[in-house]
Amino acid sequence: MKRDIYENISPLDARYYKSNKNLMEDLAKYLSENSVIKYQALVEIAMISVMERYGIAPSGAKEEMVSALKKITPEEVYNEEARTRHNIRALVNVFQKYVDNDNVAPFIHLSATSEDITGTAQSLRIKDVTYRVIVPKTLEFMEQIIKIIEKEAGTVQIGRTHGQHAVPITVGYLFSGYLDRLGGRLIRIIEAADNLRGKMSGAVGAYNASSLLFDDPRKFEEDVLEELGLKPGAFSSQIIEPEYMLDYIHAIISAFGVLAQISDDIRHLQRTEIGEMGENFEKNQVGSSTMPHKRNPWNFEHVKSMWKEFMPRVITRYMDQISEHQRDLTNSASNRFIVEIITAFTISVDRLVKQFEKLKIDYENLKANLGKTKWMFLAEPLYILLAKAGEKRAHEIVKQATLKAEKEGKDLFSIVREEEAFKTIVKSKEWKSLESDPSSYIGKAHDRALAILYLWKSRADEIKESCKNYKEAGYEE
Amino acid sequence: MKRDIYENISPLDARYYKSNKNLMEDLAKYLSENSVIKYQALVEIAMISVMERYGIAPSGAKEEMVSALKKITPEEVYNEEARTRHNIRALVNVFQKYVDNDNVAPFIHLSATSEDITGTAQSLRIKDVTYRVIVPKTLEFMEQIIKIIEKEAGTVQIGRTHGQHAVPITVGYLFSGYLDRLGGRLIRIIEAADNLRGKMSGAVGAYNASSLLFDDPRKFEEDVLEELGLKPGAFSSQIIEPEYMLDYIHAIISAFGVLAQISDDIRHLQRTEIGEMGENFEKNQVGSSTMPHKRNPWNFEHVKSMWKEFMPRVITRYMDQISEHQRDLTNSASNRFIVEIITAFTISVDRLVKQFEKLKIDYENLKANLGKTKWMFLAEPLYILLAKAGEKRAHEIVKQATLKAEKEGKDLFSIVREEEAFKTIVKSKEWKSLESDPSSYIGKAHDRALAILYLWKSRADEIKESCKNYKEAGYEE
Amino acid sequence: MKRDIYENISPLDARYYKSNKNLMEDLAKYLSENSVIKYQALVEIAMISVMERYGIAPSGAKEEMVSALKKITPEEVYNEEARTRHNIRALVNVFQKYVDNDNVAPFIHLSATSEDITGTAQSLRIKDVTYRVIVPKTLEFMEQIIKIIEKEAGTVQIGRTHGQHAVPITVGYLFSGYLDRLGGRLIRIIEAADNLRGKMSGAVGAYNASSLLFDDPRKFEEDVLEELGLKPGAFSSQIIEPEYMLDYIHAIISAFGVLAQISDDIRHLQRTEIGEMGENFEKNQVGSSTMPHKRNPWNFEHVKSMWKEFMPRVITRYMDQISEHQRDLTNSASNRFIVEIITAFTISVDRLVKQFEKLKIDYENLKANLGKTKWMFLAEPLYILLAKAGEKRAHEIVKQATLKAEKEGKDLFSIVREEEAFKTIVKSKEWKSLESDPSSYIGKAHDRALAILYLWKSRADEIKESCKNYKEAGYEE
Amino acid sequence: MKRDIYENISPLDARYYKSNKNLMEDLAKYLSENSVIKYQALVEIAMISVMERYGIAPSGAKEEMVSALKKITPEEVYNEEARTRHNIRALVNVFQKYVDNDNVAPFIHLSATSEDITGTAQSLRIKDVTYRVIVPKTLEFMEQIIKIIEKEAGTVQIGRTHGQHAVPITVGYLFSGYLDRLGGRLIRIIEAADNLRGKMSGAVGAYNASSLLFDDPRKFEEDVLEELGLKPGAFSSQIIEPEYMLDYIHAIISAFGVLAQISDDIRHLQRTEIGEMGENFEKNQVGSSTMPHKRNPWNFEHVKSMWKEFMPRVITRYMDQISEHQRDLTNSASNRFIVEIITAFTISVDRLVKQFEKLKIDYENLKANLGKTKWMFLAEPLYILLAKAGEKRAHEIVKQATLKAEKEGKDLFSIVREEEAFKTIVKSKEWKSLESDPSSYIGKAHDRALAILYLWKSRADEIKESCKNYKEAGYEE
């Protein structure tokens, strides 16, 4: 059933599909309605496969299912659903249509409840999209950050707290924070994906029906799930315990928060008055329809905006923890929408990947900004040196000195030279060194940036390895 | 650009499009990406129209624009945007391609900032979809509720508080609450839609550019907006004050809450142990894949689930109140998604419309449930009658009586006859009347249900009238 | 029961009580646990008062109740609740202790359900705190904004969109936006407060019990509520329809959003690189414990932070729209917390009042920033003038000119003088005027600031009048 | 500074303090404003302690600090803050007042930024309250659940999905789900608490100041934090990476969701028509002020309501992930409120502990409900047995049979005996067994309940051990 994409209502399926076709199609393999049906079919096949192995379903049954799947279209399943008003029964009916009616058909779905299929398929496709799309894309972004750190580990930048100049760091140090936070979240995403569970425990989770078919229905559940690379939880009702998926969504949403942080920082650093970083503009690009001179950080604004749209949706998942008794269905429609969160996160990472490719760092402005407060940020080392020298009123003395400097429009060095209180300090090796190069007051920014870089280079390698292993295990097909 | 709907990621554009094609296509006229471009074009045309009227643009300019619009496809605009990286500039360029290049083209968009177009178009299409789809659909639902009230105003039902039997109401009274609450919200939706504003005040809202073109740029703004049936706010920056749209979303979300209330109530009344109401099942419908006997209230669960998915998105709109200085763009992407909320609300109303058509009320269960506590709910009138007769320990005496009744498994009437404390009461006209018909203890439930029904019949007529007027004014086309 | 405030857990009752004692005590009159009991008592008294008027309760009953109230302490009510496990029964019992036992006691609370008292008292105290504290405090803030507009209506400031310099506005215009948005919200708050409802319709809202006592129980409800300055809704169940309070909370939260906007803007304008506005620092104030020179906008940050804490709590209120059947109690505890939102909003307004008293505007930096882009913002009027002169490639020509200016480090005027394309423009009256005073390119910023100021001066007067009327009507006492 | 608790605004500090004094005072040790100051002091002491060890601060300095702390009152610190407008500077000043002025005072706080103290203290007290209050209280609740499972592992209960009777489970199995979910969350809480970090890296996280004092400032940070049982993150800016605390809050909020699930289930099972469980009522307890016979599940409703109040506050924490550059202060006030979430969660666990002590299970109603659908739930095994016997139309045949049974008002056994299709089944061992005891159709409910019970008994022992170890390590004092 084809439709003009511009007739779609969700911006994801129109505007953002159009602007990022390849990635959106990669994601659709796991997150579209098509993929829902495909993954549910894979679970049905895994059931038959184990029954065949157990000698319950006839030999060759799995193969018949696999062939049948190739003939099934979502349209057909949907049309059958319109008749039966039941999506999994519709899938089963369509499967039965394409397999040997007498020998294989009766075993399809036998003893399972719909949610055994639905819930397991959901875990499976989320796990797949994680290893196959989200992790590689995030690693790609992390590698860009790593390159920036490598290049800018020693590039001095004034630190800012409360929007005010504080003391200096380096650009590499700034980005090492992004790396550490994003990397930490990626690990959380992987852990949560690895911890997604399946189930094959029937209508209320107590293996009522499957106890009639299998001596050890818990074993049957484990075997089916193992075919798919999954495990059951200790407990299930009609549904898998919701906390596994909730932890996953928490990981995604909190990783999205790191993207928002990065975007916010860079768009502020692109402010006209600051100008330390910016998007390189493309030829033909229009900054503003009436102000052609503008260079708007709209891609970074876009990512922040996407975060604002998708972050609050975490609330739905906390609400979906509650399902009356062995389950009510008030989490069914909402559950279908979690794919939107994952999509939005992934295309936002990709947006940043593209922006970071052309991220421009303005060394002149970095330098100019550093000097903007007439080295007043050296009030901090001044105070430390004074206190270290035993002056207990150090904080107050330095404060008065900075107020004086501010009032008289002088730079800090002049005041320090003038004031009696600093006569020892002014001669110290440390102060002289700061005077000759105020930008050397970066503490361990350079070292720490590199330490964090090495840490994550090594962890990124491990993650890449686990992606490779996952793909080789090939649970999807 | 056509695509299989099953490749879409948003359930709205796949599953819910498939299951409600007609309504989704009605909504798409106002809420799709196509409609975004169309409404933006209408705003550009209104600008030219006023400039033509003012004698600034050449005579016939508006007509040329209208013709040009017929040739414009969203695909073309999008392809131009891919080149310019600016959506409104893209639209302007495409318009310019199709009009007389020398005389009309220079006036297109002249003095406007993109957001003048974007923001005004957004207000316009939301107002249109409100009057043309949301209000009629909600009225349709209200009329169904009205019919139920008419029929069931006197049908006695036990009232329930804390899930416990309290004292009786009537089914009509229950539904009169839904009517009053939903009606109240509908009025709020209309008021908020009527209060949506446009703008034509330029890049920072101060009419900088338009002051060069028009003697009274505020008047120009008012004139352009009047062509579209809109008004400006007292103030704007680059954007319209966000509170107008926020009030609208609040109205929609809080109306959605009423749908959730209705759904929750009915699905609980459909519980196996209660069974007072239920969906009538269709032939071929499968209740459960392993428990064919079940009658699941899944449509009501669906509406509750949609509410859980969409309600939290209100948070985004509260966040979008904040836009730095004259505007940052972090509300741009998020703003595109409000159409999803409106869509989800409308298809949820429609879902309830369809369910209410086949809503079954089970009079036998209503009656059986009423008697379930052995008329213990008459403890309330008993206490009132006793207190009215001057007994100051009335509450305590009745409490002891009910405990006794409970302990001895007797009904309340027996206890009342036995106990000394009630010897006067037992002979009173009021108690005799309750004894002969305990279900008469409904207070004013019947009367109030009808009063509320009359109130909303009359208001619904007024609302219908205003829809008619809106359509006749025909701001859309 | 006294306790050290530093033992409290909520920052509202410890830190923010300590730092704003007077306002917190004003608020406590309406929002503390003490006030809960007091307002519930007022509702009980209103019931007796009407019963006395009807000749049901004995003459003098109301007076006895008023006297009794003076003897009641919250401690006593709480201790009685610990015994009965029911807060309203506890209040009734304590009242009965202090009145004539035989004649007045039996009528106390007669026919009411707890929620008649609780819900009505909640509406009443919220309405009171609105008129008596919130509105006056917000008006105080609006008057400060008005003063700033009066003074700065013509003070030119560069407008900023996307954090980039756009075209100029005036400081007064900036603040006129705050005024219009905050004023709009205040009106919404008042409307919502005026629309808060009471109820006296009994256990399931159908007047079951009161029908036994009064010929027209709806009239009784109206009469009791009229004594308190309230009205009933068309419908109630055990509870008042939740949408009235929800609209109120929406109004408060959306007003809070405007505070967050103001705070965000000013803290950014206080950035080291911008420095257009700032808090004046107090003597003894420490900017930072290690960087004594810093001037942190922490009060504005505080208000933003409070908004972040309290805004999401709106979700609870949307959830509380749903209450099963005639009511479940899952909105009871949550409902007690809405006073925190109101408190946080009010002390945040007050925080801004205090900061605005010492708000410093830095005219030098305003001027310096304006020139920072070498008048590139005049690209906009340049483009308009060129297009007005019939140049259809105006946008492109100007864009190229600005790119050239940027590349060659020249200001816009030089480029305009050099380029052939501008030879007519450069001689125009309009361009000459801009060249002699680039800061005159403010459109209607000055005029609109004043227009908005007059609008709100007049509305503020009306609001003040309605506060005065409210206090004179004196429903509280 | 003492104040009547009823003057407090937060229900936590008034109503819920009053109703749960002991637990609230336990929590106040870690979560009150008093505790804020105390824990900040402990961090200052740890700094001095390490400096003393390093030979920088004089010998005995730590001891002087410990003595000084005993003299410090929060009132004094607050009064100093009112003067300096800086909370940590105030604490430092007060400390300096009580120590040897010349030798110890200059080293207090030397090289630290306020947030080194504030952030580290916050992590520390949250970790402490976790191990000392939250974990023991949650374990207490889990032990109650364990006892119920032990007793009710084999007590048959009808399973319910969609509020409809499905197939049976056991009461013990129901509670084993609560145990597994709550236990899983408790482990998450502990892991997150163990992963809370401290910092001692100065104003922008780059050890600028401390590099002047210590050869290896990273080592100094590690040493100070080790004294407190904490570790630093790989990176910090002025603040600790927010994700550590966010994960903790996620763990708490998602555990709160499990409490809400339990509460919802039990209050529904207490419905008049279901009556399978309930709170045992206390003597003197009033069910309703006008309906003395009611048994309202208000404690379970209370917990659900608390969840509704506190769950949405998670949004604030996701927003607080973003802090501009090296930090803005817009997370400062909001951060103070996280103690409220922890408090609400803990008193809700305690509320459930108290309710579970008197939880009543009604075996008669369990049995009666089981038979309510005339054994229609055996349609499931009937279908399985039929399909297992090779009947491919099994699902349809059984569906028709149940429809017939329903229509004719017969029980399932009669229909099965009558219908030709079941003639083999009716003689099977399995069906005969179900016919003789329909309540035996519980699958593995009994076994799984016990398996989950053993799993968590063992894990609970491990958790108890780790609490014991934590207390013995004694980082707090």
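Some points to look at:
Note that the chains are named A, B, C and D in the order they appear, and that numbering of residues resets to 1 at the start of each chain.
The criterion applied here is as follows: a contact is a pair of C-beta atoms (placed from the backbone, for glycine too) under 8 Å apart; a residue touches a chain by one contact, two chains touch by 3 or more.
The structure displayed is predicted, hence computed values, not measured ones.
Looking at which positions face the partner, chain B and chain C present mostly the same ones, since more than half of the interface numbers are shared. A count of contacting C-beta pairs for A-D and for A-C identifies A-D as the more extensively joined pair. Distance from the chain C centre to the chain D centre is 33 Å, each centre being the mean of its Cα atoms.
Chain geometry summary: the mean Cα position of chain A and that of chain D are 25 Å apart. Taking the mean of the C-alpha atoms as each chain's centre, chain A and chain C sit 36 Å apart. The residues of chain D that reach two or more other chains are 89, 111, 160-163, 166-167, 202-203, 209, 267-268, 286, 288-291, 296, 298, 301, 311-312, 314-315, 319, 328-329, 380, 384, 395, listed in rising order. Interface residues of chain C, counted against chain D in their complex, comprise 1-15, 17-19, 24-25, 27-28, 31-34, 37, 74-75, 78, 82-86, 88-89, 92, 109, 111-114, 202-203, 209, 267, 282, 284-291, 296, 298, 301-302, 304-306, 308-309, 311-316, 319-320, 328-337, 339-340, 343. Within the complex formed with chain D, the chain A residues making contact are 89, 96, 101-102, 105-107, 110-111, 159-163, 166-170, 173-174, 176-177, 180-181, 184-185, 188, 202-213, 217-218, 233-238, 241, 243, 246-247, 250, 253-254, 257-258, 260-261, 264-265, 268-269, 311-312, 314-315, 318-319, 321-329, 380-381, 384-385, 387-388, 390-392, 394-395, 430, 441-445, 448, 451-452, 455.
The touching residues of chain C, when paired with chain A in their complex, are 160-167, 267-268, 270-274, 286, 288-298, 301, 315, 319, 369, 372-373, 376-377, 379-380, 383-384, 395, 398-399, 402, 406.
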